[in-house]
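Structures given as structure tokens follow.
Look for chain A in each of the two complexes below; its partner is chain B in the first and chain C in the second.
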Partner chain A sequence: MTEANNMANKLLINDLDVLKHHIAKFYSVVQIQKDVNGQELWTEQLGDKLDPLFGHNHLPLTSPKGFLFAEKEVLYKFDGETFETILPRVHPKVLFGVQACDLSAIAYQDKFFEHDPYYQKRREHILLVGIDCESPCANGFCVQVDAGPHVKDNTADLVLSRLSVDETNEFSEWLVIAQTEKGINSIKGMMLDKADNKHLKRRRELFEKVRSEFVDYSYISNAIEYLNDNSVPAQLWEELSVRCMGCSGCTNLCPTCSCYSTYEVVEKKTVTPASISNEVKLEVTHSETIRCWDSCLFEGFQKEASGHNPSQKAAQRVERFWFHKFSDEYLPEFQRYGCVGCGRCEQTCPGSIGVHSVMKRIDQQCCN
Partner chain B sequence: MSTTQVNSICPFCGVGCGIALVASDNNIIAVQPLSKHPVSQGKLCAKGWNTPFGISRHGRLTQPLMKVDGKFKVVSWQHALSHIAKSLKQFIKESGPQSVGLISSARATNEDNYAAQKFARAVLKTNNIDHCARICHSPTVAGLKKTLGSGAMTNSIDDVGKADVILVIGADPTENHAIIGGQIMKAKLSGAKLIVVDPRQTRLAKVADMHLQLKIGTNIALLNGLLNIIFDHGWQNDDFIKRRCEGYDALKAHVADYTVEKVSKITGIKGADLVKTAKLYSQANAAFLAYGMGITQFVSGTNNVIAVSNLALVCGQIGREGTGINPLRGQNNVQGACDMGCLPNVYPDYQSAIDKQVREKFSHAWQTEVALLPGLTSLGMSHQARHGNFRGLLIFGEDPVVTDPDRNKVAQGMRAMDLLVVIELSMTETAKMADIVLPAASFAEKQGTFTNCERRVQLIHKAVAPPGEAKIDWQILSELANKMGMSELMNWQTSEQVFDEMCQLTDSFSSMSYPRLKQNNGLQWPCNKEFPDGSRCLHTTTFPIGKGKLIPVEYELTDEIPSTDYPYWFTTMRLHFHYGCGSMTRKSPLLERETPIGLLFIHPQDALDLGLKNHQGVTVSSRRGCVETRIEISHQVSPGLLSMPYHFKEAPSNFLTNDAMDPITEMPELKVCAVNIIPLPENQTPRSSVLSDVGRSYD
Partner chain C sequence: MLQLTPQTIRIIDVYDDGTHARHFTFEPKGFVHDEPISIGQFFMLTVPGAGLAPFTYTSIPDKTGRFKALIRNVGHLTKKVFSLGKGDVLGYNGPFGRGWPVGLVMHKEVLIVAGGCGLAPVASTIDYLIKGGSSNSVTLLYASFDIASQVLKKERARWSSSINLFETLEVGGVSGRSGLPTQYLSHLLNKNDRHPDIVLTCGPEAMMMAVAKSCLDLGLKASDIWMSIERRMRCGVGLCGHCYVANSFACKQGPTYRYDEFVALENKTVAFEKHQGLFQYC
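This part shows the complex of A and B:
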């Protein structure tokens, strides 16, 4: 906490490339890039050769969630005799240019996976460099769920905020705030000017300006109240859930979703142990237990061995998802809602029941 | 451990969603949706999201296998291909080119399919080339060719959003073409009127403005009835009919017989609903008509398609935005497999195989004689095999033992062949029965093109290397041609070379090239001099045959109807979470977990009458065979109608299905037959029908 208040850790830079190249000496660079089709994605693929993309215009459909909570990973192996935990092999990576919403989500997942060795192994090798957004994005409403548009305190190692840009000279002035010890270490050795209070003031002004540009989606704030009031009629969930096709797009793309399942990949191997005899062939079972992302919208998600299913109906599952995203009941544990207002579910849902569609409908139904 | 990302097209259904494949350490570890893709716009269905499981290296065939003394042995490619070449040459010498053939894969690329029909016609000198469109949309290809001159979806997928009326007949798009299904639901939310015609209460039927839950097999009665109502009220589009159709008088006279009372009785639909539907569809500014297996998979399949076409033409709901006759092609590249001429009667771009000029054109281009005699369909090959006249078959990426009708006959046909070669990703039921199994590369392991249902030809890119010694279909055929002494014929080094060769020999693809496909996010054929940037909407000013033909068709009974011995109607359907024979989707633990406990869907009243508890085991039997499974009580079906999905090899619904055929296309009547149910003792587990590893079933 004191780090953040210490002016020694608030610096200025004109060229982000210089910063990136410095960090790249110790961290492999993961950043938002455009592929050959103009599709944006978080990728380590191109290294640090290209300029980073950032901001409201470049929120990729997939968040950097997968770099921490892996979409698939081996948890442990069995070789016929013993079980062996397989922790991920990692190298230091910097996620360069993460938007405020995704950083809030990572902070949320840090809490959920606090005791998860696999998540934490990856996490401790990651440097988070956040960037303040300068404008609202297409489906975003981070303001209404306290997840942006500027990077929230204590969600990144370094925070970058563009204070000014002079188009003619391509000259930008960036505020660099080192919020953690890891952050401070990452810029050690760089000769950067110190920022002063007028720079911090400028950042605050920009924050107010960006915030005011957001549409106030009143239906979202209203619907959050109705959800917490339990005033959403069951019939509405029935109506909405007919359109849930169980595609799992929402849970895959949601940066705070953390549910997973495990499965075994079993192989029978025939071995001829020399210690016994060449004629003896033993069949040894090798297996890997793998964790993969799951989705609470699947009917089978909560199905029990007997066939009984507490969330048999789609209406129950859809209601549960929104409860997890907007219920006050999670505040004590996570200090924030599950939803960070990124709007990805709205884009990806083929049934038109993403966050905007659902909250609009709830507001419509309940404000009678 | 860094990852690479490559853009591709989803390998499941005919929607053709953009999908990014994320690879690490030569494995596909994840997929991502593509927000900029014109069709999918950042969406995927559960099958698409589970693609990595479907093609994972676990369970993949990696080496050629040959059956020796009833067991599969690993052999070299050299050995396997030499053996195949030798056998095929022998069969051709002894029994003629009619005794050999190919089934190509509707899930492989255009390049693979072009190579397959070239191999058949130029190397084997046979027209015995077919694929699963036979049992899917062959009536569409034949029917619409008759009425319009072209058998493909007339409009584009996004025309759904431009329609004020959407009519879905015999299709379940939210489950099988989920992204299109979602767009239909979205259009409904935006004010479009939705009418669903289906004997089952599908998800779309639940949200529709009208669900006409007709008695199974009564499509023509319904469609003719609608036409009669339209003519009675003067709701037809006189201007369109005058300018663009012929056969009006004959059709009008013919449907006069289909009175509301008569049709209501046959279909079970209330007269008022028939009138309402006729009015909505005919009076719409733009009405989008989509249909599927519920129209095609009947002995009257071709006629059913013609009846659909009649309706659209009479109402002028074609040739404009938001309208069209839109068959929902099932597989990711079944449109392509048809376009590439993997059909016994046509070359690529539907050029007739019995036309002398066409034969000369291809013969000249390929520098060799081509097949002369008309070819056999897939069912024809099976039939001839059972009679000892068909000896050697290569099947690419298809599992007829699970997916073709009348399983016992299919298996009999396979066993009767002297040589059965199956080229596959994994050991399917059909592969188990083969003499030789060859490992194939999946869509993520090769470059090529797929054509989706809206005629959009799209590039797929290689993300990882094929596992072990697996090869691409066209590579295998190229090497086999070499072994048969015709190496110059199929000497391609890249898939692009195959594509370019094909484009030169067709009109519809003549302005396509890989660079242009890349630039434009795919191109919709026809893409030629006249339409260099492809075609969104067909038949805007004229039909390929000039004026559209209105052809009177008669309602006829299905081949089988319930009787004392077999008192229930039986139909086949698909579940959302599985695809085809399940060989890919059932590798996903998440999708497999969605499989219902019971696979025989039965109405609560029927279950009650039989004294059955939900999930109880039963034997279902038809005149052709029987299967044991559990029941699943459901309101989707109506009393007297049972339905089963066909994805599950432990309870193959195709033991029951009827292969009685549509005379024009040899489409089997997969959608309807008659069955009986006998309950199993209360705690008895249904017996699985899965074959042993070498293709034997145990009784």
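This part shows the complex of A and C:
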């Protein structure tokens, strides 16, 4: 996209609210918000309540995954004779202020769900406004897995980067980069100053500054190597998996996890038997097939009706989960690991076997 | 875009075929199979009110689009299928996955080792080889739990006149025809005149692994052994994630795997048990 790389698409703005209000004329706004318990979550704004909680210094507990790959949705319905596709009813939404890690995850899922009509129907109506992180977050290690801290190229329609801040006047200067046609169109009609090379240079300096503020996460890179060498002993998976309660907290919060199951919602009617010998049966007249997020860490995830379960042991399930996140085998397909370094699994795991705990154990055990 | 919504099929025939197993014939309703179906591929059956699951074709669609499937009553979905009869409608998506390497098999000495209802996924291959004039070079070793649980009675009767059919029962078999299939492999593999070039196996996973291991011990190459595995599935198109084998999905790269490829996949992770000793017929 030569046009998008043009300096004309690199602009400056002082007040992000102005930008957001402009975009909100065409898109319903989804952004990070605190719920009643103070938990920061991705939420769709209703009305004109647009209090910003921008992503540059807040990593919310949830990723915006559910706005693209719905937590629960109807796939098709049956009317007694035929099946009818039920695609989601969508309206244009802007995900405003998405961090680099979550954008890398969306790019990953865009590939995985490339041919999924439900995902793509939502995706084509979504505008992604990314935001550069200004400091490392509590559990984040995006630098180790090439997902941040600044928004990666071609993962957002618009990228916001705060170049300077004057605390006393609450004045900030933001660089706005439109990376796609959709991004360019979303700011059409706004009178914004053009940025120049000095602003881009400033962004690169800020990137180096944030990068340097990350603590030493080399155990993660080491553990990735050990995982791919196949040198993690089975015994370690056994020890780690004792702590897995199969709660699905990690898989639900993981922005790249995509496994789903299906279930049926039915409307039944009693069929009157033709004779006394016929048994009364409930006939399904209408049903809907619904898909919902599933978790490969559930014991029954692979269990077949016969009872055969290829991943009966928790150790197998835990190992496969980390294999899916860090195996080189997935690089040809996705050009990156399945982990984007958000650290949410560490934050949520009640058994303390999130990414940091697991990778630290692997590094300690395998380096000896 | 993928089509996850099923098309409608109607049950036009059904009969009992082994303990808790029935053989169904389906007819497409309002659609034609728009892509050719390879032997050994599978389809997803949607049972309104119960869900969806993968099944194999015991015979692939004929000119009228009709096809057959053997279904065992083993869970809540198949229980629902067993409550249905002629005229009832179900949902169909397919074909999916990779079938048997029929191009490699034709005109070679083939040993097929099937266990229990694992006979269903190889049935079309046997018919294909007979039709192609290769029946003299086909040996079928069919193992099941007991006489009642043997499936595909009509097909076996038909095959017995043309291929070398050897049956064994774990319980109730007469002498020389009882026990596990692995007991007979040395006999079948050592015959000088009919030493198999290729082995196809389908049955409980532990059985297939045991069969493959015995074949290796008896001098066959790992790359000449093929297996068809069973996995839970919720889509058939590589999205739901349930049917993983390391980084492959059985619905796309399988369900037919070459034994050495399957072992290489299993070896990518360490906590998965390899070559379990015991198996049960489903």
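Here are some notes:
The definition used in the following text is that the second predicted complex is superposed on the first by the 340 of 368 C-alpha atoms of A that agree within 3 Å, B and C clash if a C-alpha of one lies under 4 Å from a C-alpha of the other, contacts with A are read in each partner's own complex, and residues count from 1 in each chain.
FYI, a contact is a pair of C-beta atoms (placed from the backbone, for glycine too) under 8 Å apart; a residue touches a chain by one contact, two chains touch by 3 or more.
As the structure is a computational prediction, the values presented were derived from the model and not from experiment.
Model built by superposing both complexes on chain A: chain B and chain C fit together without a clash. In the superposition on chain A, A:120 makes contact with chain C only, not with chain B. In the superposition on chain A, A:313 contacts chain C only, with no contact to chain B. By the touch criterion stated above, A:294 is placed in contact with chain B and with chain C alike.
In the superposition on chain A, A:243 makes contact with chain B only, not with chain C.
Which of chain B and chain C touches more residues of chain A is settled by the count: it is C.
In the overlay built on the shared chain, the residue A:234 is in contact with chain C alone; chain B does not reach it. Vertex at chain A: the C-alpha centres of chain B and chain C lie 80° apart in angle, rounded to steps of 10.
Of the two partner chains placed by superposition, A:92 touches none, neither chain B nor chain C. When the two complexes are overlaid on their common chain A, residue A:71 makes contact with chain B while staying clear of chain C. When the two complexes are overlaid on their common chain A, residue A:261 makes contact with chain B and with chain C alike. By the touch criterion defined above, A:349 reaches chain B but does not reach chain C.
The superposed three-chain arrangement places the nearest Cα atoms of chain B and chain C 9 Å from each other.
In the superposition on chain A, the residues of chain A contacted by chain B and by chain C overlap at 261, 263, 294, 301, 303. Every residue of chain C that touches chain A in the complex is listed here, in rising order: 1-8, 30, 46, 48-53, 74-78, 83, 89, 91, 204-205, 230-232, 234, 237, 239-247, 267-273, 282. Per the touch definition, chain A reaches chain C in the complex via residues 75-76, 78, 80-85, 112-113, 115-118, 120, 230, 232-234, 237-238, 241, 258-264, 266, 268, 281, 284, 287, 289, 291, 294, 296, 301-306, 308, 310-311, 313, 315-316, 318-320, 323-324, 327, 329-330. Residues 1-5, 7, 20, 29-30, 32-36, 41-46, 48-49, 52, 58, 174-175, 178-179, 181-183, 185-186, 189, 203, 206-207, 518, 521, 576-577, 589-590, 593-594, 597, 615 of chain B are the ones that touch chain A when the two sit in their complex.
Looking at the complex, you find that chain A touches chain B at residues 28, 35-41, 43-45, 61-62, 66, 71-72, 89-91, 242-243, 245-249, 252-253, 261, 263, 265, 267, 292, 294-295, 298-301, 303, 307, 347-352.
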